[in-house]
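Before any comments, here is the structure.
Order as written gives the chain letters A, B, C and D; numbering starts at 1 within each chain.
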Amino acid sequence: MHHRTFLQRWVLSHEGALKALGAAMQKAQELGVPECIAVVDDAGHLLAFVRMDGAKFLSIETALNKAVTAVSGRKPTGAVTQDAELKLAIATQGKLINLKGGLPLMQGADIVGGIGVGSGTGDQDLVVAQAGADALAGIPRP
Amino acid sequence: MHHRTFLQRWVLSHEGALKALGAAMQKAQELGVPECIAVVDDAGHLLAFVRMDGAKFLSIETALNKAVTAVSGRKPTGAVTQDAELKLAIATQGKLINLKGGLPLMQGADIVGGIGVGSGTGDQDLVVAQAGADALAGIPRP
Amino acid sequence: MHHRTFLQRWVLSHEGALKALGAAMQKAQELGVPECIAVVDDAGHLLAFVRMDGAKFLSIETALNKAVTAVSGRKPTGAVTQDAELKLAIATQGKLINLKGGLPLMQGADIVGGIGVGSGTGDQDLVVAQAGADALAGIPRP
Amino acid sequence: MHHRTFLQRWVLSHEGALKALGAAMQKAQELGVPECIAVVDDAGHLLAFVRMDGAKFLSIETALNKAVTAVSGRKPTGAVTQDAELKLAIATQGKLINLKGGLPLMQGADIVGGIGVGSGTGDQDLVVAQAGADALAGIPRP
């Protein structure tokens, strides 16, 4: 049966990615915490990014990897068991990072991307990521 | 205007990927040429793969990279100008490979993946890849 | 003694690899768990692979590494001592991964390859890998 | 003389980086060419990025590398001699890329960053990068 050869799904546009980026950046400014913010598509490829004045340059990589981890795992980062987190980090060349601050981006039940935030504390990073994710929630399908 | 926040597109299922793989493998058997055959999704991530008995193990990588190159560039591999091919190969850590044997996989006007074949001559690789791509063409949308 | 200059061994054909892949995929479908499934030869080189719809893309790498780890160590993955697992992971650039879901593939007493499964829980991955390995067991030598 | 212990320099803010990004993106939309656009600081670290709908994912890396090449070399990319370009590319692990589409970003006589654009033709990439650079030119110092 050829009806499963192709599937249909929602993807995040660059406009949507910039919207999430902007909302996250605004939240970081409210908190007074400079952040690196990365938005990736459902395959983990970078869509949009900003490093705010004063954010750590090593957090470029961690923000990106948090976004990748969230979208691959389809859930917020930081929930891998202590037993597995280092094994998975090493096996994926550091791409899987088990620290707070990464969230999947959803369109209804479909995962369309991920947002990852780094440079603040884990809790700050998560709040900023959440603001980005919230900016896409509740947007009705076209 | 939020109507461009999300886009809708077709993606290749694993069933579709295996169908393309099987058709390519059959063509390689007809030709009597063992091949490495890789099918990737629209982001270049591996969906399905086979290395036939006698195919070169170094062609695992080149078959994969041909598939990645075809889907990223949205056209058959081998058409990059001589001036740019090495620069792009080096800049992408070898992912962009300008040799025959990679083809985009289409669903109507949408690109849904790529197929890459390596271990034979460039012309053999291309014929085998084409057989894989043809197996998906003409399948009506569900 | 010239009879030791060369050794004879069994190797896994691509037909055998696809048989193991198919059996593992069927088990994953029964369980309702999308998986990445990799079959490698006795040198750890990829023979066959599938990523099922919905399986994590970061598990492409971990499934492959589980297969490599199983065939190199000649035993199921997950049994390295806690003291050594990270040291070995780092020393092998992440190829040795001590998580459940990798099994050696045998022909009688000979090891002919490995199968690695990732994207589910460790226990699910192992059950799926076992189904793949079982598909090759009990096949009489030609 | 202690007045040479420290130097003062202009640096690009994230606001400036996003301004260049936005101007480049607008030019790409005018041209109807989806692009990857990267803005880096004077150290080559990513400040802002966008991948427009339909841009090649392999161009994420090349856009970034064009920006890095421009800011390190303090001149537009594409001007390295044919004799040296591949040697430099290999020596820098692909970071130095001698293809059109990278420009230094200036504040008066000071270099403050770089912009790199990829996915179109070299000429399109350059026009888009120029639009980004122009958005920062003519801004009076505070």
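Convention: a contact is a pair of C-beta atoms (placed from the backbone, for glycine too) under 8 Å apart; a residue touches a chain by one contact, two chains touch by 3 or more.
Note that the coordinates shown come from a computational prediction; the quantities given were computed from them, not determined experimentally.
J.: Could you run down the chains that neighbour chain A and chain C together?
T.: B
J.: Based only on mean CA positions, could you tell me how far chain C sits from chain D in angstrom?
T.: Whole-Å distance between the two chain centres: 44.
J.: For chain A and chain B, what's the span in angstrom between their mean Cα positions?
T.: Each chain's C-alpha centroid was found; their separation is 28 Å.
J.: Using mean CA coordinates as chain centres, what's the chain A-chain D distance in Å?
T.: So the centre of chain A lies 25 Å away from the centre of chain D.
J.: Please compute the C-alpha centroid of chain B, do the same for chain D, then give the distance between them in whole Å.
T.: 31
J.: Mark out which residues of chain A touch at least two other chains, giving numbers and ranges.
T.: In chain A, residues 7, 13, 43-45 touch at least two other chains, as defined above.
J.: Draw the chains as dots and join the ones that touch; what shape do you get: line, ring, star, complete or other?
T.: Chain contacts: none of line, ring, star or complete; other.
J.: What residues on chain A touch chain B, complex-wise?
T.: Residues in contact with chain B: 2-13, 15-16, 19, 41-45, 107, 112, 136, 139-142.
J.: If we count contacts the way the header does, which residues on chain D are in touch with chain A in the complex?
T.: 13-15, 17-18, 43, 45-53, 57, 60
J.: In their shared complex, at which residues does chain D touch chain B?
T.: Residues in contact with chain B: 53, 56-59, 61-62, 65, 85-86, 89-90, 93-94, 97-99, 122.
J.: Give the list of chain B residues in touch with chain D in this complex.
T.: 7, 43-44, 68-69, 72-74, 84, 86-88, 90-93, 95-96
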